[in-house]
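Have a look at the structure below before the remarks.
Naming follows writing order (A, B, C and D), and every chain is counted from residue 1.
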Amino acid sequence: MISFKNDYSEGAHPRILEALLKSNLIQEQGYGEDSFCLGASELLRERLGNKDLTIHYLTGGTQANLVAISAFLRPHEAAIAAQTGHIFVHETGAIEATGHKVLTSESKDGKLTPAQIQEVLTAHTDEHMVKPKLVYISNTTEVGTVYSKSELQALSQFCREKNLYLFMDGARLGSALCSEGNDLDLADLPKLVDAFYIGGTKNGALLGEALVLCNEALKPDFRYHMKQKGALLAKGRVIGLQFLELFRDNLYFDLAIHANTMAYKLRDELKEAGVKFLAESSSNQVFPIFSDAIVEQLKVNYHFEIWGKVGTQTAIRLVTSWATREEAVDSFMADLKKIL
Amino acid sequence: MISFKNDYSEGAHPRILEALLKSNLIQEQGYGEDSFCLGASELLRERLGNKDLTIHYLTGGTQANLVAISAFLRPHEAAIAAQTGHIFVHETGAIEATGHKVLTSESKDGKLTPAQIQEVLTAHTDEHMVKPKLVYISNTTEVGTVYSKSELQALSQFCREKNLYLFMDGARLGSALCSEGNDLDLADLPKLVDAFYIGGTKNGALLGEALVLCNEALKPDFRYHMKQKGALLAKGRVIGLQFLELFRDNLYFDLAIHANTMAYKLRDELKEAGVKFLAESSSNQVFPIFSDAIVEQLKVNYHFEIWGKVGTQTAIRLVTSWATREEAVDSFMADLKKIL
Amino acid sequence: MISFKNDYSEGAHPRILEALLKSNLIQEQGYGEDSFCLGASELLRERLGNKDLTIHYLTGGTQANLVAISAFLRPHEAAIAAQTGHIFVHETGAIEATGHKVLTSESKDGKLTPAQIQEVLTAHTDEHMVKPKLVYISNTTEVGTVYSKSELQALSQFCREKNLYLFMDGARLGSALCSEGNDLDLADLPKLVDAFYIGGTKNGALLGEALVLCNEALKPDFRYHMKQKGALLAKGRVIGLQFLELFRDNLYFDLAIHANTMAYKLRDELKEAGVKFLAESSSNQVFPIFSDAIVEQLKVNYHFEIWGKVGTQTAIRLVTSWATREEAVDSFMADLKKIL
Amino acid sequence: MISFKNDYSEGAHPRILEALLKSNLIQEQGYGEDSFCLGASELLRERLGNKDLTIHYLTGGTQANLVAISAFLRPHEAAIAAQTGHIFVHETGAIEATGHKVLTSESKDGKLTPAQIQEVLTAHTDEHMVKPKLVYISNTTEVGTVYSKSELQALSQFCREKNLYLFMDGARLGSALCSEGNDLDLADLPKLVDAFYIGGTKNGALLGEALVLCNEALKPDFRYHMKQKGALLAKGRVIGLQFLELFRDNLYFDLAIHANTMAYKLRDELKEAGVKFLAESSSNQVFPIFSDAIVEQLKVNYHFEIWGKVGTQTAIRLVTSWATREEAVDSFMADLKKIL
């Protein structure tokens, strides 16, 4: 069996395991106050071009989302997300469990625009409704699309005018920033959003997301929130060290480029074979549409997610990662061609 | 500098890193449904002598406590803990953040007795007060003491009679079960408590606690609660694999025995040197009392926690672990003797 | 100025104030354990034809909804409502503030059907999403429609099959049960829903809703939840006494009939005048559509809610109540005819 | 039977019912935006000597406490209360249900001092513990004592220095300000505390507490919090009108003076009869200690609360109110003297 189910089917990039081995017996402070976390934050601040950023390390995306959003909002304030947004659909109501409503806007491409946000604002006029306060976006989105620099600038400006926080879920930020459609630099982000995270779990780390707080108003007491939500890892070093390794050179982006390259190969060969897609993804997720019969046959040798019905057919999701071998893609295409 | 600050100052036992390396490129299911988690659970059920136990893997103690307790209780129900209980003091109100009050009983040795719990029950009589429903105990306790089998049996019987859940925080369960004062077997626990966890973080793992659900009533839908609280690790394999390694043979207990042995050595040599203690610990935490001047001098070469004032003197906490070298203890004692 | 803004613009029906006066100096137990609450519950159980019902008195609809729903659900469970549902739109995220997501289904008439609920169930398949557990319906709905007996029976049967609680918001239950389209009896409700409330605030009481718990599973410890949410009124007698008066004879329904009659008069005369409506209401809310110019002119002498844009025109909401005078309706129609 | 059980055993002062009757059919805005609420707030601002105060009307004490405290605090922040504090003991964990821990200090007289608060601050040093942010005091306290002006000034100054909010529960504020030991004026409060409420329920109103927000930082969006917690009464006029009546002249204080006078009569005659007290109350609560046999005999004709064991004896609580008749006190004393 070969898995295209997600980008966390393997362990970590070998260099990360080597770094763990090498540092294993060094005694360090607990709870993210170790020299690896401090070093990774120093390095990331350099790469992000801003010495004032506060950076925290969390174990996963849902945790990062819920700790951040619940720390940022007062009880009556709500987040706005695309209807495909991870926090709205796939986090078991984690945001609501901290007391906050998630308002949504329909979005075909998984992205939000100022016009969509304005509609939500217009509908929320008084104290009988929640007060929209934070805009949640994902880059890449849940359907594999990416934000262009001008799109993000427009959102950023709009949010500042409307006194809304702009928060970017970067679980797949590596893939986004290495996407063929991307014109954003990592260092653009602190200028445009109030907070975001750099996903490690889905880009070669064993686990870990680096949450970057840009807006001064969001920084005070953040470690209290992490601890309260069970998100302050005793051996925080385990995450800090991985980001240190990923950003020591270009490793983080090299891994994303490989994942995207494998996805493009899949996409392009599928397109050539006449396959249609659910969404125009330019990142490491591909959403081809097949008849149910073909899907059943593909299941014999491949793991993947069933994404949903499209008329009488079925869209599936194929995800590539830093660990996807070119042979896996070739094998998938060869098997598919026999079936088509 | 040598650290006796806690039992999570180093990485993981080398065998755990080897297991990570060896399994690294195997493709697995996400979210704890991988073969390592499944295998570890199978193994633990055998070691625990009960095929019906449900086992989940979490990243740390506070997370395990808050996910479990908030899943077990209805909104008006409360936990009872010793006033030294970790959930009451050192988790930034994590339980309250899920909506539940923590009721306490004063306890000199960090343990709870049926009589103490009865006092709390007696004081809570109607709907103007919360309803006590869960008893939280730690083994070892936060002051290093352990529960004997008869003490735990008494608690267990009392809780069943009173319709209270009995939940054991086992962040340091290894040290407890290997303590000189212990007469409990691992396999006794599922018979006596409704849920407990086996701490990995403080006994040789990189991270991870194995939460064991014994009472059928507590099992349904538990993974929903984990996901909602940000506690369902994408690469759950990272934790499962460590427990598989720790319990494949006697490694888990060997590590705890080493930690305890180092603590006893410290304790006995301190006692011999005439030092007094804050609490009679029989596990991997030692609480000697020194003058402030001595504490200041010890700080030069050693990391440790200041535990609190005792009259004009100061109690410190020295913690040993699987990684504590005998030379570290010798060095500490030698330095101390120069000062005394 | 004449107000058609809502059905809580006046105080209470005179008989209620008389009852308050008459009972004023009688000493009673606090917190709803007084003889008036007990008597009202006895009376309601008779009227509802079920001696086992548990009845609690709350001060308003949002409070009744949030106390009930948060008491009924475990943390990962969600409510399903129509997209127009009061709990989804107009309660400032009160349900989410207790930790629960509200899932919705689009509905043109404000009602839910088994097919709509099934769609939500189908979309929620595993622990990465909340677990739908309670169906929230309003009767009358927020757009003035009512459930027929067969519609409610179908919902009831479906919910039982799917192990979902069926909860009816009866803030305007009087108007619903006296609607021209209604074929439900008050005594049908305990057989068909798991819990519901009988609205007093919008049908002649100073304040108060009578929450009826039908399903045994929902009864235990309910007063704890009320107290915890600040909903256990010290002088509970104030609400109990009003329900005693409203249900001593047919007063509750007489008041609703009057409100509906006034609404029908409005509706029929508007229809006759060629006015179109946003929704086919058969209760005490009417939603006529006017040009913006007409709306502005109506505002001079009348209070009402602006409901929303319909193309280039505007729908307004006119609400009648037990206190609406026929002259008010005549005056409105006369003024409108001058403008049209 | 005569009740000394509490100060909410009767309905409302007759003048309040008259005011309800008189205003009954006037059409008003809903949700506390009616002319009675606006008028009452205007009047209270005058009486409080501060035109910038924001005033909201809630239905009861627990509701006022939970809405206010949850609106004021960020998730990791905690309240500090005396161990007898109503929010700690008798509100079914209402504050914890909004996510906040209540820290306590032992207090023999139900009051807090700067020194006691400092102890709590000293114990809370880092992000592993909650962050104390609000000091909750009650006046009168739960044991009937009152704060002197100098005591409140000391608390106020201390809280400002330490950046803590000072919040006063005034469920029995009338009795406090009319107590023989009192030297505070109503108009002193806005200068000394950040928020407080003026209790109506226990001083002659049918229901209602007037929450006064003094600190600018606590005012924004408060109505959202009220609505979200089910505390925005549709017919808010019912509460506004009562405060308008209570403060139109000296009625509020006249009622409190009567309650206190009746309590002093009880206290003094009990003292004369050689009875001992649990606490030195100078307000409308008296805590005499009797043998269990006497308590049993008193129960035959009188309702009262059993407060707790004092050695082998029992303290009971006798509460007087605006409605307590002098004959009731005489009757109690006469019956007691027969028993003693």
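Keep in mind that, in the parts below, contacts are C-beta pairs under 8 Å (C-beta built on N, C-alpha and C of every residue); 3 or more make two chains touch, one makes a residue touch a chain.
Keep in mind the model is a prediction, meaning the values are calculated, not measured.
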- request: Could you tell me which chains are in contact with subunit A and with subunit B alike?
  value: C, D
- prompt: Where the centre means the average of the CA atoms, what chain is farthest from subunit B?
  reply: C
Message: With contacts counted as defined, which of the two, C-D or A-C, has more C-beta pairs across the interface?
response: C-D
- prompt: Which whole number of Å gives the spacing of the CA centres of subunit A and subunit C?
  reply: 42
Task: Averaging only over C-alpha atoms, locate the centres of subunit A and subunit D and give their separation in whole Å.
output: 50
Field: CA centroid of subunit C to CA centroid of subunit D, Å
entry: 33
Statement: Going by residue number, subunit C touches two or more other chains at 75-76, 91-93, 97-99, 127-128, 130, 224, 227-228, 232
Subunit D - residues contacting subunit C, complex: 1-3, 5-6, 8-12, 14, 17, 20-21, 23-30, 58-67, 91-94, 97, 201-202, 206-207, 224, 227-235, 237-238, 303, 323
Field: Complex contacts: residues of subunit D adjacent to subunit B
entry: 75-76, 78, 89-93, 96-102, 127-130
Field: Of subunit B, residues touching subunit C in the complex
entry: 70-71, 74-76, 98-99, 127-128, 130-131, 221, 223-228, 232
